[in-house]
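Read through the structures below before going on.
Two complexes, one shared chain (chain A), two partners (chain B, chain C).
Coming up: the complex of A and B.
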């Protein structure tokens, strides 16, 4: 189809938007290699100085450990809770289906700051201290709707007939699940886990309500460091975060394409 | 089939339990707490009184924060629309082989922590940031322009956070339009612009309105850009909630503020759902 008139203007505008969106992020990465004391332009050489300093900072390493453990546990829990729910919505018809689906997706439309307050208040009423468990259950609530959406979208493509065929051929329900349903589900599970890990790893708005000095995640740590303006260390820490959370989904996408191609052969 | 009717409920059990105990009940708690009293000692006393709400409306300070929140959210929606429609249209029409790459690029910010995206603007707008550095170098100015800690800087942070949501919502809507419709309009004598105005634009409106709602709601619930990029006069309602809960530990008043915010957004989302349906938003997020 012929491109509309004024296309070059539309393209130029789009490129400008991209430049606007990515310049600040590129600046973070660039400045993290600036050996100069203040995290600002001009660049005066190229060094890993700030990365070495990060690697020697025990509280930052601790925050990384926390974030990774928290993200992994969130991923496992959310997927374990979310996949059965997604199956219920995709496979079955029952009364109140649409209402329940909306209810489970509701956290997306509730302001995160209110989610943060609500859970904290509840824990306080139960007279429990802020703890790692609070962060974990909070992150499960935050990530559940996204996992539901992503997994439901993938599940629609898996036909019920495969399972029925397996059972007709004499497979037990367990065998059917293990050798038919599970392999077909695997990409959805993988996508769900990845999604929840990244959301958990990156979250700051609600997490700032739930974290304590002993249970800091990396974004919370960055927030704490920001009090005294931006430093090259923050840029370096930001770069590590960017590389980590961007490369994981890209790598996962690559892997799943490889799997898909291998399955075709 | 009939005997299977318990199965979906068994599958839904864990998530419904989680959402009920970790979301529904806690949010009800916020509403209940907003009627409690705060003793001078700092303890919270169970009560049913409207003192916290009376305090909110007692003078113009608190309502003005709410009004500012709505104003900034509307500005963000409008700017997202202006900045987002054309790129979304570009994705819809482009035949470039780079399209998948460009689409991934637009999603990339979703994978970068909000706090990094927010603070990254300090490197651009700060006294020794990119813009001031370049302007000083070419002699356009002789001392740094103060571009941080004002509403424009806050808007930069908000826009960078929310623009991808808007672009994707509009794109999903555009992508669902049968391209032969525009062809038909043109073969019937419409110009390119008329075909866009009469066919494409109206058909993309569901995505536009879904994007607007999402951007509005997300703006109202965030406190990070005003906190990091704004000055003392740029606080929004979420900043106030954060300060009251985390700073001064004034739970009853913090709860009342949260209830007011929740009520406002509830009315907006309810009205939207009533007339336009909310499922479009969930469709895009997949």
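Coming up: the complex of A and C.
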């Protein structure tokens, strides 16, 4: 391969950046298989010891359960709110449409700390205790922009004529939605759900403000564990988190592309 | 409403559609006879599609009434209007099989499962595409998709069939076939049909009535021959066919013909239709196909025919015919389409152009825009 020297420099530079980005992650994954208590390189053997320990840790399992319940509910709720909102933005004209759209997308730009504190203050003002419902509402606010963006993008691609054709053929607006719009929207809805699940699943900053001792999520739990000691269990837990949060969006992307292709065929 | 059956099946009464300050349709009154194929013809933005969409219920008129079969339908929601609509890009549901596409409208009517199967089968036979029930729309060609769209619209036995430029997404050759097919189908079913197009050939070849529109206004309505041969104004004459316009002034008339002096000083005869008086500023409309060019040196004017001199300025060979652009002494160019029954001419040839008074149509001259 003959590249001009400038290009080979850029290539080396790029590789270095990637090494710099991924080395810590690779270290965590590798050390999670290290049998020693105080893991360091070179590794002395290979074991699933910390994974077994993890599987036996009731508080971590509890946190996992919390995370999964929270993530799933967030996904369902966000999509349920997001689809009608996206429909309104794409298909109808109303006053203040742009402003409202910007407001709904704002949580992406607002620092999570601010969002966390704001919701907490709001709850105080309402004189309500911190609860799972608060956590759920918070996560819906956090993930709604992503669902809105994904569903809106798809909706723009679904020609209005499909809905118009359905209506002229005798389907009411509601029947039109279920028989035409929803099936065509399904890939985006599915992707949006997985997105919001993943975002909810690995959110730390805002969740730290909203979680109570009873409904800690996995990332919050890890954060707590790190404050006390550095246990190799955390490496194992981290690896599990990495696998989940990377594979779910990849899977979502794959599914939505397949659906999109199937719909075109 | 009287007890007698009104021959006008669809009626637009004083229909106005405004988008903000823009008027898409202005005070439109239009009658569509039962069983007729009526074309709304005009350039894009003339309001023809808006008018169609208001009938379908996809747009709401700002003012006016829409009456179908004696009932005012302004407040009837789209899905209760029982109108079959054909869209420019077919709008077949991409996620449904052909069967489900065609059966779609029947599911919202009280039709049994067996009847649905029967009707879908029949509709596919009518559009000459039997046996494609299990395919997906994307597996069919454009022409086939449009036929499925047609089947989907006629299977519900609509009161009115609405077609919004249904042929414009098709290839030239296919368009001709589809046009004839739609025409035959419409005659066979006898369903009142409104066809929106900007293509004059489509309009002329299939309509019972043509409505020429521009800027939200109805400029002329009538059967194809009337609209083509007796255009009411400059725009209609220009929009349909290759027209030549010779400005002139009425200098006299008898029972049969009006005498018009054109710019060159020649006085031409135009068949008497309508009322003109001496001194009227008029335009003489002649179709490019109606002129005959003759070589000047051999030319013997025929008795009762109009003739004047010109010079070939440009020509283009079109296979079956030749288009000549002939410059008159006044500098005006006229377009002549010759079917090549005689010899062809070259640039610069001096010719005499002849046209029968019968083929000269007079319209009032409009102020320059």
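Note that the second predicted complex is superposed on the first by the 246 of 265 C-alpha atoms of A that agree within 3 Å, B and C clash if a C-alpha of one lies under 4 Å from a C-alpha of the other, contacts with A are read in each partner's own complex, and residues count from 1 in each chain.
FYI, a contact is a pair of C-beta atoms (placed from the backbone, for glycine too) under 8 Å apart; a residue touches a chain by one contact, two chains touch by 3 or more.
Because the structure is a prediction, the values reported are computed rather than measured.
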item: Clash or fit (per the criteria above) of chain B with chain C on chain A; value: fit
item: Partner chain in contact with A:61 - chain B first, chain C second, else both or neither; value: neither
item: Which of chain B and chain C A:159 touches, first, second, both or neither; value: second
item: Inter-centroid angle chain B-chain A-chain C after superposition on A [Cα, multiple of 10°]; value: 100
item: Which superposed partner A:238 touches (first chain B, second chain C, both, neither); value: first
item: Which superposed partner A:43 touches (first chain B, second chain C, both, neither); value: neither
item: Which of chain B and chain C A:219 touches, first, second, both or neither; value: first
item: Partner chain(s) touched by A:124 [first = chain B, second = chain C, both, neither]; value: first
item: Touched partner set for A:255, first chain B, second chain C, both or neither; value: neither
item: Comparing the two partners chain B and chain C, which touches a greater set of residues in chain A; value: B
item: Which of chain B and chain C A:24 touches, first, second, both or neither; value: first
item: Closest Cα approach, chain C to chain B, once both complexes are overlaid on chain A (Å); value: 5
item: Residues on chain A lying within both footprints (that of chain B and that of chain C); value: none
item: Of all residues in chain A, those that touch chain B in their complex; value: 1, 3-5, 7, 10-11, 13-14, 17-18, 20-25, 27-28, 31, 38-42, 80-82, 84-85, 87-89, 91-92, 94, 97, 100, 102-115, 117-122, 124-125, 137-138, 140-141, 144, 146, 148-150, 152-153, 198, 201-205, 208-209, 218-219, 222-223, 226, 229-230, 234-235, 238, 241-242, 245-246, 248-250
item: Contact set on chain C toward chain A in their complex; value: 56-58, 77-85, 87, 89, 91-95, 104-105, 108-109, 136, 138-139, 152-153, 156, 162
item: Contacting residues of chain A [partner chain C, same complex]; value: 159, 161-162, 164-173, 175-176, 179-180, 183-184, 263-265
item: In the complex with chain A, residue positions of chain B that touch it; value: 4-5, 7-16, 18-19, 22-23, 25-27, 29-30, 33, 83-84, 86-87, 89-90, 93-95, 102, 104-105, 108-109, 111-117, 119-124, 126, 128-130, 133, 160, 163, 179, 183, 192, 196, 217-218, 220-224, 228, 238, 241-242, 245-246, 251, 254-255, 258, 261-262, 265, 269, 278, 281-282, 285-286
